[in-house]
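Below you'll find a set of structures to go through.
Two complexes, one shared chain (chain A), two partners (chain B, chain C).
After this line comes the complex of A and B, so read on.
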């Protein structure tokens, strides 16, 4: 075991474990308000993680990314989703879950273990800032995917997708922190566009069909 | 000599300050809900009042009912001598048990109260006994796994060694094993003390009570002992949570009485942190539906399990 030494590594470690816990909390809760709260918390932690990496590498572009993450993912998306989707459609409890919460949590634990076995910190290149965060990022990606599979409601699936994106971002800043700023900024634009499209689409759907749950898709089969 | 004095001091701290901790929690919760709330010294007044009253015992109660409060109370006193509360080195009697032994002693206390609840054959006592036993049986595997996360870090199940392992290196502190174990243990602390996601500590509706309904039959001195015991349990588990998991620093040295005093001061600060956490959770979550408690405790179990797996993988 190579114990992390610098203060930055330790803080990044702490942030990534908390990010993983947020993903688990999302997976284990049933209220839309809670999903959003956990996602917002996760994004704030993610921007803290980005700030830690930025401080370590003294990279102005990464600082900008941290601020963007905080503003867009930590504040913008949760508020927009709450105002335009959760409140407008008066969503409270997510009833369209295919598996029981315990079962999905158990599967989530299995996926986390899988992430650890697939990305053993010992096999990663040694000069990374924090090797322990990489399997955690992988686990967050898998948990977000699991959220999308288990949940049938479109908004829950949207949040699962956003969690996947958070996991990818965490992996990106720990693995290849020096990638071009323009790429990451482009991803942000995509994200905003995606959320906007989802807002428009889901409100339209809900207006026309009185529901936005994908579980009813089955009845449309020919 | 100093060590023995410190040993007495540690138990005295637990005995004397446990009601204060419960009182502060109740007051803080009331303040959060925009109520005035009882004074923080209310538990002491309650204890004094109950101690003076005579206790009424049902004709059908056997010696088990009479003995249970004393057994439970002495169990909590026993735990207070073996875990790190104010000093960072084991005190003379700490050899008695490790973490798993401490858990056994706590279980014995719960067991004796459960027996007493069944003894008088009152329906509510039986209800409470069955519920707490069910919750306890779900919490136990998770608790054992938390001890394994401790063992994965410090190669022992001694709370003092874990405290040293975590306090001496920040990198050990931020390992996923430790952090996940910490969260899992906190969920158990809430469950074991009947705090909000499991049970409402201030609730007095018979049909939904869990902890309280076991001791409904008690009155007078016995009731005071039972209540005092449950406050001590909350105090003990909170201080283990803070001293072993969250803030392993600031414990006093075991070579002078001054160290004990310093440790007591630090403990007050740490319990303030833990109490704030508990109050936040108490006032922002609702009590879980009874059969969802299994999901809650399953979550705690899984977090500890993931902690152990990550410890195992990182180590190789």
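After this line comes the complex of A and C, so read on.
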């Protein structure tokens, strides 16, 4: 594998930064529609990042993954989640946030710094792609986790997990180009099945409890 | 021949997953599930004999890879699938008789139980660490449906907690896998091979130590979520208590072990480069789990939660065994994997009987089980004694071996801590279950005769007999399998 040209590196870095900003935007928002919008945008950017690496390495499998990402994460999941959860349960504002938005943004900034610290060059000798994307990807993973912790609503937690997954994917394409295609395809399959089961669970919870917020899920303790 | 057996171990349960949609009723589904598990067990035993005799089996660039360690875990998981499969038969029949489950729920149970078993068995037989991840995550999804099956508000809540915490955890393990892959960039093999365990193991001494260190930590946190290692264990008591009892047995005795298998594979990769680093990580998480498990058992009001905390404690103990390592520690840990799997299957299936009789999971409402149902009462009593590591059951021998390893280690004071925690766990657990078994029967306590009593007693009797056997004598074949497993991971 040849190292990418500098133009590609710049584009990839730009895409990664924007992906990180989408995660921050999700963290700083209170409306379910916005969560989904930022997630969709992030996935489209991710697909672009995959396409950049694919063009650079001339890798057919990566092209396929870029298309899959666009179709499933960029279009399929956001539309399905909006139609079957947000619209049907008429959700607007997320009231179940345990931490103020500004506080969570500050913590998010701290986590980004932590990602840079953990991924400093000494940890990763002889990088395949000379980009800043790897620490950015880890920051996205951490921010997604933070979204899941700070937000108590099941749909917000689901989106947090999806952001984590996006971060891992970004890490995969920038750190090691790609896993074997069959593995990547399996990861996609798991993701889709997971979202389907989670959507079913959330609908079931909404039916049973007249709420789908995890902050009301407190009967199991001890 | 080996290939056929390999395929059979997971294809038999997989084919039982289709049966519910052919229009058969609970009885047929129950038989299919039980047959799938039992058939898989038979294939797994023959398979392990062949692997011990003929060495590792590798196919498709390592996407299929079986050595003795895989075979050992396959036998364990298949055994659980067989015991819980037979338990599923009586669960489904009883639920249908009482009208507790709709036809759809019975079908979903049959499908996802079988799928769950097949996915775990397949996960244990791949050498590709990426595929291992895919299959383990898929098994989470299949089992989440089982946890939610009874569709109470609490079981949906437990299923949500389970799926979201486990999926997040396992995604962390994927990051770990990524870094393992990355740590191998200096090895000149094809990209597929860089993710294949035997190749990585053969080159373990040239893996990048920095990223390997990070990778192992991520993997332990990630797969440790599935194992139920503290502090990532929070989903476990909820899911185990809310799932149908045979599914709880599968979660506790099969799923947790599958997660542990993944961790052991990664541990073996780190040893040449990082020395005792992985062992120390495992010791820390192991002691944390033992502590959490033992403390939360005190005063636990729901007996299925009690069993779940005992699983956390036992998994901690297994992690400690691998953590001390060496011949004694690893042998004890592997022996405990098998014994705990059998013991917990027996306990959860017994728990299912109790839930069925009393219609409660509350310890306080269950009294005088021995007089109400001698078989169930005796199984609960003996099962509790077994899981607590009393002689003459198999867990005594394995726990004793781990304790011995702890005193032989660098810090023998850890041995005393270990013993103290085990005593706490023993007292908390035994106090609760003996109260359930003996105690005075209350007036108005339900005394409905359990339906399908003979079938439901079968896995209990078989399981207890196996535990007793393993406590007195370790069959030569099993001993050899464990010895070979230890050699497979260094």
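By definition in this document, the second predicted complex is superposed on the first by the 205 of 222 C-alpha atoms of A that agree within 3 Å, B and C clash if a C-alpha of one lies under 4 Å from a C-alpha of the other, contacts with A are read in each partner's own complex, and residues count from 1 in each chain.
By our rule, contacts are C-beta pairs under 8 Å (C-beta built on N, C-alpha and C of every residue); 3 or more make two chains touch, one makes a residue touch a chain.
Everything numeric here is computed off the predicted structure, so don't read it as measured data.
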Simultaneous placement of chain C and chain B on chain A, clash or fit: fit
Which of chain B and chain C A:74 touches, first, second, both or neither: neither
Which of chain B and chain C A:148 touches, first, second, both or neither: second
Partner chain(s) touched by A:21 [first = chain B, second = chain C, both, neither]: first
First, second, both or neither for A:164, with chain B first and chain C second: second
Chain touching more of chain A, residue-wise (chain B, chain C): C
Touching partner for A:109 - first (chain B), second (chain C), both, neither: first
Touching partner for A:13 - first (chain B), second (chain C), both, neither: first
First, second, both or neither for A:193, with chain B first and chain C second: second
Least Cα gap, in Å, left between chain B and chain C after the two complexes are fitted on chain A: 18
Touching both chain C and chain B, counted on chain A across the two superposed complexes: 122
Chain C-facing residues of chain A, complex: 118, 122-126, 128, 138, 141, 145, 148, 154, 157-158, 161, 164-165, 168, 171-172, 175-180, 182-183, 186-187, 189-190, 193-194, 197-198, 201-202, 204-205, 208-209, 214, 217, 219-220, 222
Residue ranges of chain A in contact with chain B within the complex: 1, 3-5, 7, 9-11, 13-14, 17-18, 20-21, 24, 28, 100-102, 105-106, 108-109, 112-113, 116-117, 120-122, 132, 135-136
Chain B residues within the chain A interface of the complex: 169-176, 179-180, 183, 292, 294-295, 298-299, 302-303, 305-306, 309-310, 313-316
In the complex with chain A, residue positions of chain C that touch it: 63, 128, 130-131, 133-135, 137-138, 141, 144-145, 148, 151-154, 156-161, 163-164, 167-168, 171-172, 174-175, 178-179, 181-182, 185-186, 191-192, 195, 208, 210-211, 214, 237-238, 241-242, 296, 300-302, 305
